[in-house]
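Some structures to go through are shown next.
The same chain A turns up in both complexes below, where it pairs with chain B and then with chain C.
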Partner chain A sequence: MGKLSSLPKIYLTLVFVILYAPIFYLIYYSFNSGGGMSHFESFTLEHYQAVFQDTRLLIIVMNTVIIALLSALLSTTIGVIGALAIYFMKNKSARQTILSLNNILIVSPDVIIGASFLILFTLIGVKLGFASVLISHIAFSIPIVVIMVLPKLQEMSTSLIDAALDLGATRKDVMTRVILPYIKPGIFAGFFLALTYSLDDFAVTFFVTGNGFSTLSVEIYSMARTGITLTINALSGLIFLITIVLVLGYYIIGNKAKSPQGVRK
Partner chain B sequence: MRGLISSAAAILLVSGFLLFINYRLEHKAGSAGKDTITVYNWGEYIDPDLLKEFEEKEGIKVIYETFDSNEGMMGKIEQGGTSYDVTVPSEYAVQMMEEKDLLIPLDFSKIPNIQHIDPYFMDLPFDPDNQYSIPYFWGTVGIAYNPSLLEGQTFESWDSLWDASLRQKLILVDSAREVIGVSLNSLGYSLNSTSLQELKEATDKLETMGPNVKAVIGDEVTQLMINNEASVALTWSGQAADMISENDEIDYIVPEEGSNLWFDNIVIPKTATNIEGAYKFINFMLDPEVAAQNAEYVGYSTPNISALSFMDEEITSDERFYPDEQARENLEVYENLGLETLGVYNELFLKFKMGLR
Partner chain C sequence: MKNKKPLRFVYAAPYAAWLLLFVLAPIAVIVYYSFFDLSGHLTLANYRNFFSSVYFKLTMSSFWYAFLITFFSLLISYPTAYFLTKTRHKQLWLLLIIIPSWINLLLKTYAFIGLMGQYGPINALLETIGIGGQQILFTDFSFVFVSVYIFIPFMILPIFNSLDKINPALLDASKDLGANAWVTFKRVVWPMTIDGVKSGVQVVFIPALSLFMITRLIAGNKVITLGTAIEQQFLVTQNWGMGSTIAVFLIIFMFLIMVLTSGKERGHR
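Presenting the complex of A and B:
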């Protein structure tokens, strides 16, 4: 990566500008006292104040994060077990079938998934709310986790398992000391993807929310008719900031943990 | 393995902590007793301070949820699984909900404040005798335009939308009845026309508007107008009010041939579990001072005639949003035309959209 000629550099810069410009534009106006996004009047922090005074909004944000964390955690657990099951499946055609079914769920439209869940939940009498949202988020995240973990498993050489078994490892040891550590990057990738999927899902969530439980995406979409307030800009700014801090923190901790062991290629 | 387990533990810990904060917040917010009502409303369609005021006054906690379309809201209520006590459909949706038997007839003896509603807005075709609904906000369909971007065009008549000077400037709302309605209005026909002959004439005329149409879009038009990126738009008065509050160069007019009069209405759906609480809430929202505060916050026109005296003179005297009785004469409320005729409208509108450009 050392020497980049100027063309790729310009290209990369352009890509990042396109990616980040809308976010910064949005944050810029969160400091606007003018009340809208049309012209900047003067600097103010009142919208940030409004975020912290609006208890309902805060509860919704927390709900969104809790659902994202829990659904990502559970779907990762289920998805990893599922990926392992698919990997160790003897019958080739059965494996292919299950994998195809998994892929169908990934490409099926959110609205269909949401509507199906709504019908299912009302049919079996589940009250819409926290549980229904959590269950459906877990459901649409599992196929993603499977897809993230499976390539890691396939890339793992089978002789690793054979060697471990030859050296006297039990089946449990093979699982916890060989396979899981090897596919760990896939597991984390699956977790973070499930997390983002859950955070920004609107279509599925809209159908299965109810009884006072709501998430941020549903709340923001419902503002479309009367206009989105700058409070949402301020909130987005805060969430963006928190995300940056978390990602930076993750890298710092990761680097610290790595450095004593020496270099990795 | 240990890394995985400790990560999972950390995630559980964080979510547990957030759940705890959430629990505290919810209980701080709802100082009231165990009595609760669930209100299902459009986003940003109520002054949040009023919810707090209601909770303190009546000792009933309000669980507040929002939706973004009549269809979405109806779907949720029809399926059940929720316990919405109050919701706010538009007029055609009231009629559809009534037909699907999703509404509870209102008992006016429990809503004394109904006397404050302007009789003009009562007993309308979509809900005769207001058996199921009470108007919450109302408005018109008209033309929002920005004179500074135009060469002196005015829009007293719908026909001016066909003017060649508007080539590639006009933005239409993506809604069949509004757009075909413009053509029907300009021909002097009823907005609720079911005559195929009239509809054909209207769409033929509409097609000649084609070259003027820049786009057919939804709520995004508000931002385009505010940013001076568009100069003329067919829109609802509520959206126009939003535009004007952000960009005072914009003006709004309802052409003289007449137009549509729309309503959003308070109803009690069949899913209600706390009907007494719902009545208390409705009565509270109809209180003149409350309605005035709400109308100033939301920016739409209130049907509450007693509330007008509590409001800023500047708002209530604005004939664009509070047209006088003479102007109202030409306004027409949508009737439910039935699935078949609605299908014809949608099909004609689709054809019109496909024929553009």
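Presenting the complex of A and C:
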């Protein structure tokens, strides 16, 4: 264990190279003073400047982030409640039915979610734009949160709750001091996954966004269809940097929190 | 115990409302709209149309591409996940596999337009090797390649999780009992990870049936999937009825695949 022979190493390296190639390719050309992505002329930061001067683009980035954070927050709340409801359900077949219903939106193709939500919003009279996009993102993130939280609940020993009740805890205490702390990792995982799904979503947003509102994915789609601008490259460079910092920070904090107990290694 | 029930109903309300409004209602409206034509008349014409040769061919090719994409994703992901579980800082490496999936899907697709383009680095490489420049973009190959690229992290994750759960003692036991590496894999590792593979297949196959922006940007409208057709009907032709009909079939296929890929789950619950 712990050591890899050379063949797996080469294989893994290859996978990593391919996974990162497009990202680094974009970033590399973001410093290109030439207009395109075919040959590199000279180093420049003008495209990065352009990103910060393009207020329209910045607003779109803000929209994307706000939608992601709000939808992750709200879907996590509703999803945790849903997971608790499923967990406390006594009737087994009803629970199975709810779970299957829950999974429908996870496996549904984005186009179907988008198209059906478009019909739905038009019928109910929700104006297409910020509200419709936010609602859609919440809707497709909820089942993911449920899926992340439910296993945590199921692996929690019921005697933990019984013990708390025996010791005189109220139902509220049980919830806030026993159950929620126990399932916290699941809640965080659900939140981050919801965030990721929202940031990455294109198809659903494409259907339910009106004319005045746009997220990054939709914007890049229309930009990519009309032609190449290196502003997109600069933007992707910035996004990549932020992602890396966040992820590594998250990893380091996570590791630091764990290492004192000496469980790892 | 008795007074638990009403309370439970109250706090489950938002979740229940969500189930009704965003899971059941959307399916209902899709089915409902599939029976209407462009001018709002009740009709079965959409269904007749769907079984015409054009849409049948479309469905078949959509399935074929989805199969190819799933197959290659699995082929690449399984060894990757397996080797990852053997690395020392496996959680960190897994994280590094996941990071590209955090970068916006459209950005990566956009990058491939440059990478695979006439003057892109791949063609430049082919020139120097001596194969000569090729038309890579706007072909079936580019479509499958980029799709596989997009789906790999989603395939690796469930497989990694199921591999990671395997108790190493089982592998030692298998070795002690005289099984070679292949037999151990076939009889111990694979059966224990089949659920991970199934959920991986699930998260790849169904979306692959319905890709539409990759078909537009990378395949140059040469590949038409069910997803492309639905998008076309809804947003370009504005024929919601026909779009809904195609969607109804996509939903049916989705349920079939769900049933197929979750058959065993009841066993160990």
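We take it that the second predicted complex is superposed on the first by the 230 of 265 C-alpha atoms of A that agree within 3 Å, B and C clash if a C-alpha of one lies under 4 Å from a C-alpha of the other, contacts with A are read in each partner's own complex, and residues count from 1 in each chain.
To be clear about the criterion, a residue touches a chain if its C-beta (ideal position, glycine included) is under 8 Å from a C-beta of that chain, and two chains touch if they have at least 3 such contacts.
It should be emphasised that the depicted structure is a prediction, and the values quoted were computed from it without experimental measurement.
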#### Entry: chain C versus chain B on the shared chain A, clash or fit after superposition
clash
### Query
Which of the two partners, first being chain B and second being chain C, lies in contact with A:212: first, second, both, or neither?
first
### Task
State whether A:88 touches chain B only (first), chain C only (second), both chains, or neither.
second
### Query
Residues of chain A touched: more by chain B or chain C?
C
### Task
Look at A:13 in the shared chain and tell me whether it touches chain B only, chain C only, both, or neither; answer first, second, both or neither.
neither
### Message
Quick one: is A:108 in contact with chain B, with chain C, with both, or with neither? Answer first, second, both or neither.
### Response
second
### Message
Quick one: is A:54 in contact with chain B, with chain C, with both, or with neither? Answer first, second, both or neither.
### Response
first
### Task
Report for A:65: first if it touches chain B alone, second if chain C alone, otherwise both or neither.
first
### Task
Check whether A:203 is in contact with chain B, with chain C, with both or with neither, and answer first, second, both or neither.
second
### Message
By the touch definition at the top of the document, which applies to A:170: first (chain B), second (chain C), both, or neither?
### Response
neither
### Task
Mind working out whether A:37 is in touch with chain B, chain C, both or neither, as first, second, both or neither?
both
### Summary
Dual-contact residues of chain A (chain B, chain C) 36-38, 77, 115, 118-119, 206-207, 220-221, 223-225, 228
### Task
Name, in rising order, each residue of chain A that touches chain B in their complex.
35-38, 54-56, 58-59, 62-63, 65-66, 69-70, 72-73, 77, 115, 118-119, 121-122, 125-128, 132, 176-177, 180-181, 184, 187-188, 206-207, 209-212, 214, 218-229
## Note on the structure
Note: in the complex, chain C contacts chain A through residues 4, 8, 11-12, 14-16, 18-19, 21-27, 29-30, 33, 76, 79-80, 83-84, 86-88, 91-93, 95-97, 99-115, 117, 119-121, 149, 152-153, 168, 202-203, 206-207, 209-210, 212-213, 216-217, 226-227, 230-231, 234-235, 240, 243-244, 247, 250-251, 254, 257-258
## Note on the structure
Given the complex, residues on chain B that touch chain A span 1, 3-4, 7-8, 11-12, 14-15, 18-19, 21-22, 25-26, 28-29, 38, 42-45, 48, 63-68, 72, 75-76, 79-83, 218-219, 222-223, 226-227, 238, 242, 245-247, 298-299
### Message
So in the complex, the part of chain A that touches chain C is made up of which residues?
### Response
1-2, 4, 8, 11-12, 15-16, 18-23, 25-26, 29, 36-39, 77-79, 81-82, 84-85, 88, 98, 101-105, 107-120, 123, 139-140, 142, 196, 199-200, 202-203, 206-207, 216-217, 220-221, 223-225, 228, 232, 236, 239-240, 243-244, 247, 251
